[in-house]
Every structure is written in C-alpha cells, then in structure tokens.
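Order of writing sets the labels: A, B, C and D. Residues in every chain begin at 1.
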Amino acid sequence: MKYSYFPGCSLKATGRAYEESFLSLCKALDMEMEELENWNCCGATSFMSVEMGAAYALTIRNLAIAEKAGLDMVAPCGGCYGILLKADHYYKKYPTVHESAVKSLKTEGLEYKGTVRVRHPLDVLASDLPPRALRSKVKKPLKGLKVACYYGCRFVRPIAPFDDMHNPETMDLLLKTVGARIVDYTMKGKCCGGAMSGAMPNVAQEMTYLILRAAERAEADVVATACPLCQFNLEAYQDEIRAAHPDLKPIPVVYFTQLLGVALGLDATATALNRQIVPVEPILREKGILADEKKQPATAGV
Amino acid sequence: MDDKTIGNGSEEVRIGFFICHCGSNIAGTIDVEAVADYVRTLPNVVVSSDYKYTCSVAGQDMIVEDILKYKLNRVVVAACSPLLHEKTFRAATQRGGINPFFFHMVNIREHGSWVHQDRALATQKAMDMARGAIARVKFHKALEKRREPVRQSVLVVGGGIAGIHAALTMANAGKKVYLVEREPTIGGHMAMFDKTFPTLDCAACILTPKMSEVGSHPNIVLWSYSEVTEIKGYVGNYDVTVKRKPRYIKEDLCVGCLDCIDHCVFKTGNTDDEFNQNLSKRKPVYIPFAQAVPRLVAIDPAACTHLNGGKCEQSCATACDRQAIDFEQKETFEHIGVGAVIVATGFKPFDAHRKPLYGYGRFPDVYTALEVERLVCSSGPTGGDVVLKDGSKPKSVGIIHCVGSRDHQTNRWCSRVCCMYSLKLAHLLKEHTDAEIYNFYIDIRTPGKGYEEFYERLQEEGNHFIRGRVGDITDVPIIPEEEGRMIVRVEDSLAGFVRRIPVDMVVLATGLEPREDASEIRRRFNISCSSEGFFLERHPKLAPVSTTTDGVFLAGCCQGPKDIPDTVAQAGAAAAESLVLLDVGYVEMEPMTAFVTEKYCSGCKTCLPLCPFSAISRDEEKGVAVINPVLCKGCGTCVAACPSGAITQNLFEDRQIFAEIEELLVHA
Amino acid sequence: MPENFEPKILAFFCNWCTYTAADLAGVSRMKYEPTTRVVRVMCSGRVDPQFVLDAFAHGADGVLIGGCHPGDCHYVEGNYKLLRRFRMLRRLVASLGIEPERLRMEWISASEGERLQKVVNEMTAQIKLLGPLELPERFREWDTELHEETFDKEREVVASGQ
Amino acid sequence: MGNKPKIAFYWCSSCGGCEESLVDMAEAIVELSTQIEIVLWPVAADFKKKDIEAMADGEIVATMLNGAIRTSEQEEMARLLRRKSQILIAYGSCAYTGGIPGLSNQFPREQLLKYVYHDAPSVVNPEGQDPQTEFHDAGRVATLPIFSEVVRSLDQVVDVDYYIPGCAPNPELVLDAIHALLSGNLPSKGTVLAPDIALCEHCPRLKTKPADIAIDEFKRPHQHLIDPNVCMLVQGFACLGPATRSGCGGACLKANMPCTGCFGPMSNVRDQGAKALCALASIVAGTTNEEIDSALDGIPDPVGTFYRYGLAKSMLRRKVNMEPTLSK
C-alpha cells in the first residue's frame, strides 16, 4: 500500500507529534507514505474570502502534483483534508474556480484532471488494511484506558466521504480494536473553537471548556483527536480555561495515532508522547500499558 | 408470410392521417400543417388533415366521417401519448366501421412538442414518426378483444384502517373479501393511537367497532398473522397464495378467554411488547391488545421457552380447557382466486436513530411520537400517566417537528400528518402533565377541515411555537438551570438568534416512510414505486387508486403519507374501483398476444423456458410449440427469441416493426 | 463530419417503464435533444437483435433500448432476457467495428423522467463526438467498386460485334 | 443434342467443395447427362468464356454458380452468365450468403494481401513482390483480375432466381432441384430450395433438451468430449441448429459436431446471425452482467460463431470501421 502524503504546515510545526506518530505507525503497518514533492500551503486560510480564485488555485496545485504521482493522497490535518476535498469539488462544479485554477496551473506547466482521491488517515487505517491486520499487531492492548474520541468538524462536514456526518465512529472503532474503552459523550463532533482562538479567545475557550468538561464527566482518561488544530486548541489553553473554570482538571489530549502506536508497542520516539503539554505517560503507566518510569529510557525534549 | 395474416388481403390500403394541434400544446412547437402536408405525399395516404383538438367529439367525428367519405381502412393519429388516448381513437376508428386495430397512434406531444424547443427539429421528428406509423399501419390486421369473466371476490392486503374500510365496503356490497394481515390482529397503526385530530375522539372508540364488524362479517374471510406469498394470473382472475404463519393456537377452538396467558410460567412479561412500542413487556403467549380482532392468542416462538427447546411445564396448554394450544402447528398455505386486489400495506414510521443529533436511543427521555401515543393512552404501558423513565412528571416538553421529513439528509417529502399529530400530542401532554410545551417547527401545515382552528386553539392554550429546525439535543449545560436536563438548541428564525431551551422530555415527530419490504411487495403485485418508494398510482390526479397493473388498487399510506380521513376516503375509492370491475363482470383482454405458425416451427424448444407465464407448451405429437392465448400476456420475448421467425405477436409483428424502424430513419 | 450533425437515435422503449418515463418527461416539460425516434414495444424482451442491426443498416447513428429495472419487469423477467441478448449483441457489434457508445441499454423506470432526459442528452453528445455512422451511404460507397457500367459497355461492344 | 436443355456450372470464390457435391451425385449424374447438355463446367470440361459469349441471351436454361464474388473476373462471369441464362441459381453457401470467404469482410483488403503474400508462415517471397493487375513484358501485357474490397454473395451482384444452400449442398437437394427444373415445376422466384424449417425438427438429440434449459457456460467443441446422444446446447456447445434451415440431413451432428449454420436462415428470418445470437443468448443462465458475461465468454468470436457463412449477406455486411481503401 503506497500513498502520497500531504503533511501541511501544522504537521511540521505544532503538530509534529501527529506526523511522527502517524509515519511510525504507517511503517509498522507496512503502509508507505511518500511525501508530496514541492507541496505548498493547503489554502485553508482566510485568504479564501479575499480572493477565491487564487486561493483555490493554491489548493489545486497540490492536487495537480498528487495526480502526477497517481496515488491516493493522505492529508492528516483536518484543515488540509477539508479544503482539498472542497477544492476538488468546486473545481469540478464551478467553471469560475476551474478556469482560474487552470490558468494559474498553466504558468507552472501543471494541469489537474480531477482524478485524485483525498484520504484521511482515519479512513485509510479503517478501510485499506486487511481485516485483523491491526489487531494482530497489538502488543500492548490499551486495556482500561478510557478514551473520549473527538472528531471536530472537517473530516465529516461539509463533505463526509467515509463516516457519518453527525455521528462519526471511525476513530472509536480503531481504538476499540486495540483494546481501549470508548466513552460516550455528546460533544465529539462539536466545534473545538479553534477558528476563534485568535480573534475572540474567550469564546473559543468557552467552547473548548464544554468539550473537555463533557469528556471529563464521561470519565475519560484522555481525549483522542485526529487534527492538529483540535489537538492544540483542546490542550494548549487548559490553564487559561482553568482561570475561569477552576473545576476543570487537566486532561491529556493526544492524537489517535499516538495511542495506536502505543498499542502496537512502538517506542517513545515513535509515539512522540514526550511532546504533550499535559503529560499522558503517567496515565498509561498507571493503567499498566507503559512500563514503569525507571525502566523507561529518558526521552528527548521538544 | 401467411396470407391470412395480411390485413385486408389484397384490398388497397387507404390511410387517413390526422394531426392534432392540442391547442398550442403541439402546434406551439410543431408545424402541424407542414407535417400534414408532408404525410399527404406518402404512399397510400388518402387524406391528411390537422385539427385543433382531435380528441374532442368534433375531432372524433371528423375521423368517422373521413373513414366513410374516403373509404379509409387505416387510421393514424398524431397527438398525445397512446397511453392517454389510444382507446379514444380506437373507438372512433371502430365507429367509422373498421376494426379498431387498424389504428395507430403517434406520440408527438409527450415525446415531441413538450420536450423539444427547436421548431424545425421538432417538426422533423414529428414527420419521421408519422412516416414510421404510416409504414407500420399498412401491415396491421383486424384483431378481436377476448372477454374473460371476472371472479366475484377481492383480496385486501393489510388490515389497517385502509384495509378495514375497503374490506367492509366490498363485503357490504355483497362481494367475497379475503383480508390478509401480517400481524396477529388487524387495526394497524390507528389502533395504537390515543386520540385522533382535530376532533380528539378516541381512536379505539371509532376503530374497534369496525374491527369487530370485520371479524364477524359473513362475506369476509380474515386471515391474520398471514402473508401473501405469490400472485399469478391477470385482471379479474388472480390466483393468490397466502402463507398462514403458525400462531400455535387452533383458531377454531380458541375462544379468547385468555386463561393461557394467566397460566404462563412467566408471571410477568419477558419480551418487548411491540404494540406498546417496546415501552412495556409482554408474555410469550399473548394477545396484542384487549380489543384485538381476531380475538385469538398467539405464542411468540422467539420468546416461548418450550418452542425454543427449553424445559417448560407448558402450563398454558394445560390451562386451556379446550386444548386449543398446539405446539406442533406448522405454517400452511391457502390458495384462493380473486378478481381484484386492494393493496393497503401502510407505512413505516421514520427510524429516529437516523437523526443521531436528536439523541434518540442515547437520552432516555427522547421519545418518538408513536411512543408518546402509547404513553398518553389509558390502556398504554403506564395506564395513561405521562412519566419519564425515572418516574417523574416532565415540567417542560419539546416537540420537534419534521424529524425525517422535509430533510435532504433523510427524506425530502412532507409527511403531511406530523404537524397535526404534534399539535394533538401537545394538547394531550399539556392536559396530562401541565408542562410547558415547546413546538419546534419549520412551517405549521394544517390543510384540512377544522385543522387550522385546532392550531389556533393550541396557541390559545399557551403552547410555545418556535420556528426553526432543531440543531441538536445536548446534555452539556452552560448555565446552572440546564444542569441535568436536555437542552434543545435551535435557531429561532423569527427572533433571529440561537435559543437553548432546557426540557425534560423530547418528542420526535417522526415522518412516514415506505415499509422496508415495499419493493418486494411491489414486485409481487407487479406494480411500480415512485422514486421515494411509495407505490405509484396510475395517474396522480385522474387514477389515484389504480396502478399500472389492471385490477390492483391502492389504499392508504402505502401510496403516500395521509391522515385517517384521507385514508378512509381513498379506501372507499379503491373499493368502488374494484366494484366496477367485479360488477361489469368481464374484462376485455388486449389482443397483442403471440401465436405460433406451425409449419415454420421446428419444435426446437428455444421459446419454452422464456415464458414467465407458462403460456408456451409443446405439442409432442406434432413436435411444435403451442401458445395458450389466455395465459399469454403479450410481452413478445418468445417472438424475439424464436430462431425460425415462427412466432408472431399481434400488433408487434416483425414486419410491422421492421417497416416502422426503416421508415423512421428515412429523413424526410 | 457534416456541420450541425443531428444524430439519429432509434429507441426501443418498454411500454411500462421507459415509454412512460418519456411521457413523464413530457408532462414535466423536461427538454432534451430531438434525436430519438421511439419504437414502442410492450417489453424490452421483444427487442430482437435483428431490429438493432436493421436500424444501424438503415441509418441510425445509435440505438437505445430502455427497459425496466432488474426485478421490475411487468412480465416478470423479460428485461433479463433482453440483458442476456444485449451482452452478446454488444460484443458482436463491437467486433463489427461499431463503437460501443452507439448501442446502449438503460433501465429507466416509469418515474424516472429526469433519467430519460439525461440518458438521451448524454447519448446524443457522445454520438456527436463520434460522428455519423451512415451505413446506407457506406453501403453505396462500397458498391462503387462494382463494374456494372463497364461490363455493360463491353456487352454493347460484343453485341454490336455480332 | 440440340434439344436438350443447356445447363452451366461455374465457380467463383469457393473451395471446390461444391464441385465435389456435384460429383457426389454419382450414377445420377450419368443419367442426368443424357437429359441435359452441359455447356460450361470449368472443373470437368474444357469450355471457354468466348463459347458462352457467343451464345444468345437466355440460351442457357439454368446456371448453377457456386462461390462468392470477390474479383472483377468473378463479377464479370456472373454478369455474363446472368445474361445468358434463363435461370440463375446461387449454389452453395458462398454464392448464397457469402460463405466462409465472407468472413474476410472483417479485414481491410490490404491487410489480407499483406498476410497472404508476405506474412503467412508458408510464404516464400524473397523479393517482396505484390500481385499486380497488369504486367508488361516485352510489349505483352499479362493481367490479373482486381481483388475487390468487399466479398459479396451472388445476389449482391446480379439478380438470382433460386438458392441451393449448404457448405456444400447435399446431392439429394441438387437432384431435386434439377428434376424440378427439368419438369418445369418451379417454385416462386427467390425460393431457397431446401425445407423451410430448422434443423432441430428431425434432430434425434432434441428429446434430451429440457424445457427449462439454461446454459451456464459455452464450451468449444475441440476442448471437450461431446456426448453423441445429447443435445449440443444442453452440453454447452453453440449449436446453430435451431436457427439453421434443414436439408443437410444433420450431417455434422451425425459426425458429433454442432451445427455451424451453413444452410442459412429460414424464410421468416432476415439476419441469421442476429437470430441465432438471440436464440442462444436468451437461454443463457444468470441475471447479472458478470454471470451472463462469464457464460458468454465461451463464445470468444461472435462473428465467426454466428456469421460463419453469412457475414457478407448480413444486415451490416462487413466490419464497419476499418477505413476502407477502395480499389477501383
């Protein structure tokens, strides 16, 4: 199994844990990820509302490059994934978008025929692996770990190629496969507030708070995410939120790929657990999933 | 070719062509005069004229007069679809004194003027089509319609209010009725309702007398817990097989004393009670509800210990002094013959799980409307007490309209009854609990006698109406008043902001859907479905209870969502249409059947496996195939397959079709 | 290819489904290309491969057969019988050099007026790209290699020689 | 001798099998020769074209011409014999429907010539010579007929009165035809002189064909054992018996091979291949494209199967798209 891999900006910066854990996981599962050559910003920025034509051209350039590779294109970041799907759709549906993109691509000698299938790691891991491939590789089942799977928006809205728009379940199923207990709570598809964190931080933090509190009330040990924006937003502002809501306990927010990596027995570098703001290792040790601290080799800092 | 098969033998073919303007419907797009002029130049055409409305009396008279005046022996009319007016013009042809099958119709309206814009091209197409018809009609021959007697009995499928009403109407008119119901009792959804809108009369009070009448009517054979498995034959003469599922009770012995239920080893219910929407439990030996018809118990093989191979003292059987319980009962099959069929198989409520954001199945106090019907009903699981799962009474209730209706993610259609039943439930819930009632609606639709007045009454009663489609039901509070309650999040599109309304109980006004097995039933009865899956009527306005299969009629919600008054009216109409069929006493069979010309048949048996109606047999003595004209339905499949060209289909003969093809393709 | 090439599509429509769908398209005033010439049959099972070849031989640029969806045949399974013939026929027609787009079979139910519109427009567009088939013209062209005239002249010479 | 009706035999694009079938009349032909005068029979007797040209139009009572028409010479002879004969009979499958030579209507002329003169494994043509219609040598001109683009049945070139089908026709049919001719007891023009009923009629295997036959898989005769007593279709062999005129006496079936259709269609059928296809495909098992296709995969060459003898006379006549380069 071979894919084109589109990291986007986050996975090279705040979401490095995602990239590291995802790529190690793929390696362990014999899925080859070939980073797209000369990729550019996915285009999921407010530039969309400034100059639509140019903004979509930016996105479609990535699709054009991927088309040359002839493989499915995996985009782990929710922002990237959503905008790539949307741009592909608009490119096919709206002549104005199409024309301006064709014109822009031409300047670089590129063209996009519209054949690229944009995929998310959740989709790829759930759909493409042979049955039981994941289960058979589990070395340290996440027994006793209560996980609140958090999906946010972009994998299923406005386009939902692989899961239910309102009640996504792919992550639940994957983590269940490796032994985790999935808690039921009603906020898994609600907005994380990320889009507001710059402009109206208090609003954003209020939204984040409701999600974290719901997870906490559902007795989750950890929140699992599949998007670097969600992950950052849910984890990085917990101190600020606590200023307004002292009742909120710190709760680690990890990537689902990190948890899968742990279950597959991958080492600390591969799972990038050291990059957490709210440490997750103590919980994993407490549950007996990770070995005791003493035996654990020291991990490098960020 | 056989001489006997050639129309009027050696007689000269004289064709009259008539093209219709249909007001401006045709003439607006097609140059009808030009077509008439063109056709006049074709061989054998004696007269070619255009007329404003050919289907009018004057138009038909013109055809009759021209047949006489010009000694026509063929008639071609270019007008609308033959499915609409072929009968009309065949009759006119006959009035002119020639066999009606010397007529052929060209569809230049539905297939021409209404679908094309370019006048020149549409006119060209009309000319080509006329030319094809002129070519084919030369080869037409005189045919006779066969008459077959109609059996004086009717099958009604489904024992809801539609089936009940249709069955009683037919039975009261003196016809033999077979009413087949899948469940152990008739009554359908209406039996589950508490009150009916807008009059608020009790559903059971108006339904159960009709149910008993069905049970005791001398002209009605009621088979409950039964299903139609096969139907063969044709209009007026259907052969039906009905499967009677074992209810493990000898129907002729059971008197409905219900002693067996009392003596069941289970002292309380052990399985979900479907009639109460699974809000209560029932025993494996049960009667669906007190007024069930027929009043016969049934044993649920899924719940009965003995039938599941377990050890049981079978106290129910010993309790029955009439020894009516029979654990050895097997399914049986009844074979009946009927003249007509009324399909009244009803609907399925929308599955609320399909709207996960409304929390059905997640939050215990989110109910469907049908569940609430049972909750407010005094014979329901709580004896009419509206209490939540924790036993408390709700202080505020949200009723969400259009769940699974008017929704592009689920069903696009309006289910027609939900607004009114929501208003009814709002009224009943207020009456039972005095709670604050919030109706969340998109539009309130109350087209019906007394319906709008009922809506006004509800407003006056102090119910809240909030216009907006509910986004979701959440259990995540942001203010203390919301703690521990469900919060309805909705954009109030009149006020222009998002509201969060905490409630204790949510009622989902689920829409109406086709039943899961609608497409299976449709195939069994050889009828069509419209795109959303409800059965398709022959014409939405003019043949609303007929189907494309003659002798099969529709009643009730299987054709589309409707309320009780409309259902009853439609059931009456279906009964009336069936009565017409039965009282006329015969049906005329279209003569487009196939026949074998023996001298060309090698007896190769190619045709034998192809006939779905077993109309083809083999005369072993002569070594040829023989088609039974009574069984042949005229599909022509064997005709196409016959490698000798020995089979001919009337009205669809090879030479007619070849002539049509070849002339259609000659550009005028 | 001639300018403004308007393909001629001969269509065989089943009375119960596709023909009725075409009626519905008409009643709903859905516009589509005026390229079809419809032969109504009671069931798509009546469609004899001879009809299809005859249509091509007489100048059809395409042939469209419309029947009921599998399982929905008014005559139980006539459409399956058509399907079996059609699967063979399309192989034959392809081996005889006729582009597969020119022979199309579609299941269109009575309620699918929109689908009918789409199919006719789509097929018309495809055939416009392919250009005319023009078999009658080709037959004439092939037969220009015959020598009737030449030999007739020789005959005159022989006759006059006698 | 002068009073005996004049009969001509001629051959065009054919294999010689039809000539064999005349010889197969055995003693009967000796007897016949006392009643008729043979004026042309290239395979057996030395008559010249000029002898025929010298005759008056219509002087020959009947000509039996076998073989398809592919060259200018054949066309010329067909026209000549048509003029000189009162009755022209297309003799054998090739003259009747194009026959085996008609199958070359699937290929462009140049491709055929290239194969035959260059690429065929048995060809020795070191100088890569192609045949020419004219060859000049020392002032002399040798000519060859023009090889035409399209193979035709006889009636696609000249008017034909009767047809005797078969590859080759069987002697009984020929004798019957000649006797009818001599007695003047002739059917209407255009008649095929063989029974107008399919071969299955007298097939002894027919009784083994069930009424609910459904073919799961078509098989090819050279790859399987064939049961000599069971209907070929029941065994999955594409037998064209149901779609083929009888009169051959079921010769192939007696030799345990399926009918390939040489006697052509019955009078109510316009295109034998299409009808045969329809009859066979209609009884294939399966309801999905995949199931049906897998059964049909056993017929890898539909043209060769259904139009083995009839492509030239079929509705489409030849492969439509191969950019014909017509030679004039």
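Structural remarks
FYI, a contact is a pair of C-beta atoms (placed from the backbone, for glycine too) under 8 Å apart; a residue touches a chain by one contact, two chains touch by 3 or more.
It should be emphasised that the depicted structure is a prediction, and the values quoted were computed from it without experimental measurement.
Farthest from chain C in terms of Cα centroid separation is A. Looking at C-D alongside B-D, one finds more C-beta pairs in contact between the chains of C-D.
The distance from the centre of chain C to the centre of chain D, with each centre set as the mean of the Cα atoms, comes to 29 Å.
Centre-to-centre, using mean CA coordinates, chain A is 53 Å away from chain C. If you average the CA atoms of chain B and of chain D, the two centres end up 57 Å from each other. Mean C-alpha position of chain A lies 72 Å from that of chain D. In chain C, the residues touching two or more other chains are 48-50, 54, 77, 81, 85.
Multi-chain contact residues of chain D (touching two or more other chains) are listed as 269-270, 275, 278, 282.
Contact of a single residue of chain B with at least two other chains is seen at positions 610, 637, 640-641, 654, 658.
Interchain contacts (touch definition given at top) occur between A-B, B-C, B-D, C-D.
Here chain B touches chain D in the complex through residues 1, 599-606, 608-610, 618, 623, 637, 640-646, 654, 658, going by the rule given at the top. Interface residues of chain C, counted against chain B in their complex, comprise 6, 8, 10, 15-17, 19-20, 22-23, 25-27, 29-32, 34, 36-43, 45-51, 54-55, 58-60, 71-72, 74-78, 81-82, 85, 109-112, 117. Every residue of chain C that touches chain D in the complex is listed here, in rising order: 48-50, 52-54, 56-57, 70, 77, 80-81, 83-85, 87-89, 91-92, 95-99, 133, 135, 138-139, 141-148, 151, 155, 158. Per the touch definition, chain D reaches chain C in the complex via residues 53, 72, 75-76, 79-80, 83, 106, 146, 148-150, 157, 269-271, 273-275, 277-278, 280-282, 284, 286-287, 289, 292-293, 296, 299, 301-303, 306, 314-322, 324, 326-328. By the touch rule above, chain A contacts chain B in their complex via residues 164-167, 184, 186-187, 206, 210, 213-214.
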